[in-house]
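What follows is a pair of complexes built around subunit A, which joins subunit B in one and subunit C in the other.
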Partner chain A sequence: MTAPATPHASTTARPGKGRVNMPVTLALVVCAIAVLVPLYVTVSMALKTTSQSVDGNAFSLPAPFTLDGLVEAWRLTNFPRGFAVSLFVTAIAVVGTIVLSSVASYAISRNWDRRFFRWSFFYLLGAMFLPFPVLALSQVKLTGMAGLDNPLGVAILHTMFQLSFSTLLYTAFLRSIPDEIEESARIDGATTWQVFWRLVFPLLAPMSATVGIFAFLASWNDFMMPSLITSDPAQQTLPVLQSIFQTQFSNNYNIAFASYLMAMAPAIVVYLFTQRWVMAGVTQGAVK
Partner chain B sequence: MPSTSTSAPNGLTRRSFLRGASLVGAGLIAGACGSDTGATQITFHQSKPEVIGYFGELVQRFSESRPDVRIRHDSTSNLSAGFVRSSPPDLGCLNFNFEVARFVDRGALSDLGDMPETDRINPDLGPLVDLTASYPGRTSVIPYSLMTAAVLYNRAMFDEHGIQAPTTWPELIDVCEALTEAGVTPIYSTFSEPWTVGQGLFDYTAGGMIDVAAFFQALEEQGSDTGPDSPVSFQKQFREPVERMLTLAQYSNSDAASRGYGDGNLAFANGEAAMYLQGPWALTEIAKTNADIDVGAFPLPVTENPADRKVRVNIDLALWIPEMSPNQDAARELFSFLMQPEIIDTYNADNLGFGVTTDAPEVTHPTLVEVQPYYDRAEFYLGPSQLLPQSIPIHNYAQALVTGADPDSVLRTIDADWARLAFRS
Partner chain C sequence: MAIPAATLAANRTGAASRTSQPGHRPTGRRRVDLTYYVFLVPSLVLFTLAITVPAVMGVIYSFTDSIGFGDTRFIGLTNYIALFSDPAIFDAYLFTIGFALVTVLVVNVIAFLFAIGLTSMIRAKVALRTVFVLPMVVSGIIIAYVFNYLFSNSLPQFASAVGLGPLEESILANPDLAWTAIVVVTAWQAIPSTMLIYIAGIVSIPGEVYEAASLDGASAWRRLRAVTLPLLYGYVLINIVIGFKNFLNAYDIIVGLTDGGPGTATRSVAMTIFSGFTGGDYAYQMANATVFFLIALALALVQLRLTRGKVAVR
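Moving on, here comes the complex of A and B:
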């Protein structure tokens, strides 16, 4: 948690670098606070005792400091298992979304003049207007019949529901890649598969990062689909397991926040390790 | 090892990450397939969070006596999805509300009338169950625990101001006036959470004044004819209770409109008000802040006759076995195990519930002993807010009433909602 170092930056503005843009800096400070304050509440709540967590002072420091909330949350959600299931579902959804939608978009955008491909694009886009709650009942029934009432079924459905939006993004991006690059590869004797995997897919990297992030967030945070589709409670994902902490009649803020913190941590850790690649992907796309 | 530590941050390569992820996946699939052995497996659905641990132990005990029956203790699955998928839990132990009522109405739950335990159930509770939902010729659900709600009051504060628990409406108003004069907030209200208004002020005043069961039976028969001119309607029968509710609401804390359930528990525990219209579930929350507070309970008097006082009850837990379950016998065994007097009575004593069997002991909790006589005499009612289907947002209507909406127009809306719903179904 490093606060943005702004106050002294304005006094030591170097010549040639230009002055610090105060309005933008202030706006960014406000944005940073909007993230850091809830994060602080989450961390401090997780370390409070049950009686302190319900005393109505969300911003107070934990006193006494206790790890009971974390221990209890770990035990009640069976954290390692719930985490592994969430990871399994999310990994398949992210990889599945990136591979399927990039392949589909490539086929569609390079055959745009053919009616079949054009209509299949509209068909995929149509799915964007079908929210899951509308289809929930039939999906529950169908996955049950197909033996997919488990995390694998959830992962497949996550991929499917992410497909239309991702295809839209990829298709728009693919239009900006000139045909000439592909033609040169074909002259060298590359097949369609080779052109896609060796040439087009690497060029799509920045968009793949975007699509991957969207797919990760949608899948990791989803509550409704796993809660309806997965029939075995032992294979349930973290957001569903965490729903037991807060009911109409009782509040266990310290345990709930401890568990949210543990669910949040992996995403932050993964970002810390991979931001290099994410950033690299973005700049790669910027300099064409 | 300073030389090796520098390379540690790069230890997680993409390849090793993928290898790890695939291992996890393979482990899951292997785990899912490996559980298929010769034992009967039944699913026990119980989702009340604070007692998951307790039922977990019971399930463990049962498994030790019956090693050939494996029990899956489920507290997260979606109930409707289970029924849709034709794999509902084999034994359910849930709050008896409209979610479960749907399954009863459609005959999805099996008849437990032939179980010997059924005869032990307090016969006064039959009408309560039937009023919520019933299927002809079946005993679809068996009550397990009953919650009895009344006005919680701070005994020390009442003593300090020389006040007794009121027995009639004028006495109640006197108590409120006396407390106000002494500078004490009489009632702590939490209007920002609609359900607290619905189950509290709204249910208590209506239940203390009218015969809730008779009203809803008449309303049911009347169906879509309900309106301003029909013999029973919210506009007619609920007019007076709502007026009294609004009178009472004026004795609330001034910031009630921005206070929620959590704030209410905290404030009452800290002695900021003398009375709090919540059920026994709030006692555990209050104890989180102040374990030593001496809390009493009395049924809200809404009429001039002390004999009209009644407590509000709801069936907190009820057991049922779906018709679809392929393991009826094993489920029934677990049912009988849970219904054993020492188990059901321990549960109710630990969780501030009232026993539902004729052989159950009286409650011992210092707050609840005050309402035991009313339960014994069957002077109780189901809250009207529990008897309206969820498609009528009664809690929000109650919230509108206490925050200044016109009672006539709100009651007229409820009547219209009821008529529309009856017309549709």
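Moving on, here comes the complex of A and C:
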């Protein structure tokens, strides 16, 4: 385990002896601008008129500036409905992942000496090696048969695909919580159920934040699963809905980009407020 | 800041992994509280239904002549034999593996340089890192649509303005160049997580090592080559294996850019598998998926080996 795998540990810098390295700073600023170009293009295109957006120059500023694209995209994609479906799928996936994997991890880590629990851990971890394309054909068939070829089915599958990673994070964290706290609660007569929900689950909060944000990003941004599982186009999530601009409305670039902007904005906003957990999650997942 | 990792690290050293130590509790034949089963069994059941059953079903179907419905009979290894002599499948594997190799290289070189930059003495460190990680949280299909516009409209416009011959037409319509666009967009999105893993590696190198190297008169370049790189060897391996595994599943970004075209020049393995829904070769693509799984599994085992039995994801 590489201990201080935290984003902010990097603030304690390398050699240099306190001098700011201006050339490196400038090079990084240039790279950062390059990274931002596609996002700048999305915003500026979304605010252009249709006639300006077809001129092929993506980098110009909107002139005149208009909200027509956003209004039209809202109407054309039935944004409130797409947003509601995406929110429904994502909310179930986030809550489902946090609840199922935290309780399962607790059961596993407190009964590690039992073969059943130990093997369950490795069983659940196995899905990390099963990419969705491998399972897709059968999953589509089965969800259809079970009447789950809808957003609920997508949400359940999202939860199941997050389970491995989340269980891995929770069990690692649970091992670090000292026994004594739980023991004293038990002596006071608390049941396992109470010990977990009143004592352990609150302690897991930072890990739940990481697990929840990863479940959110995976679910909100996913295209493959909803596009294959959900049969009714009227129940599609936001990323899948964007395909109408490739087929039907392919010349209304300002409307298309306005729609892209509205679909990606929630994830960006969530990221800006929770970036410490996003960054911590990547390193914890990979560097154990 | 960075509560999870910090707490984790701090507590780890104190309370160690007691649960993995046999005989830690006065266990004996202690009865397991039923609540623990209530906690674990729902996950196991759902997981079995959603993951295990489809996996087993897929393997069984791969030995049949099913077209997705109607009569089905077992035909042994016929699908697998056909698979290995199918040029369309071969091309898809060739493209996917080649694409994954190039992308791994591009992503790791750039991510490593960014990580070095972001851990040196720079200004606006927090803001820069926020920007560099941003692509990770954007939907792949949507950003592919955005890049699609840039590649098919803005880049040709720019190329004709400055007179860059071959780029004056959309590279997405060029069978020989379309893959480069897919590499660019995939890299744009995959660099952040790779970079964060390198940053974690770099900050784990004790500062004294660098001070010693500096005292010995090592230049910055020499410190990078003789100190940083060797010490990050494990991180490089992890990033290569994780990246390669992820890029083999390429789908969203290709759909948004070329949809496998022009022709079938950029068709990935995942796209051929999904064609089993419409092409009437359901069982055949199940066999394809099974072969694909075996490749993923082999890579996973390599990954487990590299991380010395400890599991790594993403």
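Everything below uses one rule, namely that the second predicted complex is superposed on the first by the 215 of 288 C-alpha atoms of A that agree within 3 Å, B and C clash if a C-alpha of one lies under 4 Å from a C-alpha of the other, contacts with A are read in each partner's own complex, and residues count from 1 in each chain.
In the analysis below, a contact is a pair of C-beta atoms (placed from the backbone, for glycine too) under 8 Å apart; a residue touches a chain by one contact, two chains touch by 3 or more.
What you see is a predicted model; the values in this text were computed from it and never measured.
Participant: Counting only touches as set out at the top, which of subunit B and subunit C does A:123 meet: first, second, both, neither?
Facilitator: second
Participant: Considering only touches as defined above, state whether A:228 meets subunit B (first), subunit C (second), both or neither.
Facilitator: The answer is both, since A:228 touches subunit B and subunit C.
Participant: Answer with first, second, both or neither: which of subunit B and subunit C does A:245 touch in the superposed model?
Facilitator: both
Participant: If you stack the two complexes on chain A, which partner ends up touching A:32: first (subunit B), second (subunit C), both, or neither?
Facilitator: The second partner, subunit C, only.
Participant: More subunit A residues touched by subunit B or by subunit C?
Facilitator: Between subunit B and subunit C, C touches the greater number of residues in subunit A.
Participant: With the two structures laid over each other on chain A, which partner does A:112 touch: subunit B (first), subunit C (second), both, or neither?
Facilitator: Only subunit C; A:112 stays clear of subunit B.
Participant: Report for A:56: first if it touches subunit B alone, second if subunit C alone, otherwise both or neither.
Facilitator: both
Participant: Considering only the touch criterion stated at the top, classify A:254 as touching first (subunit B), second (subunit C), both, or neither.
Facilitator: neither
Participant: Touch test for A:137: subunit B only (first), subunit C only (second), both, or neither?
Facilitator: After superposition on chain A, A:137 lies in contact with both partners, subunit B and subunit C.
Participant: From the superposed pair, tell me which subunit A residues show up as contacts to subunit B and also as contacts to subunit C.
Facilitator: 56, 136-137, 140-141, 228, 240, 245
Participant: In the complex of these two chains, what residues of subunit A are touching subunit B?
Facilitator: Subunit A reaches subunit B through residues 50-51, 54-56, 76, 84-85, 87-88, 91-92, 136-137, 140-141, 143-144, 149-152, 227-236, 240-241, 243-245, 247-252, 273.
Participant: For the complex, which residues does subunit B have touching subunit A?
Facilitator: 9, 12, 21, 24-25, 27-29, 32, 47-50, 52, 72-78, 81-82, 84-87, 195, 261-263, 265-266, 281-282, 284-285, 288-289
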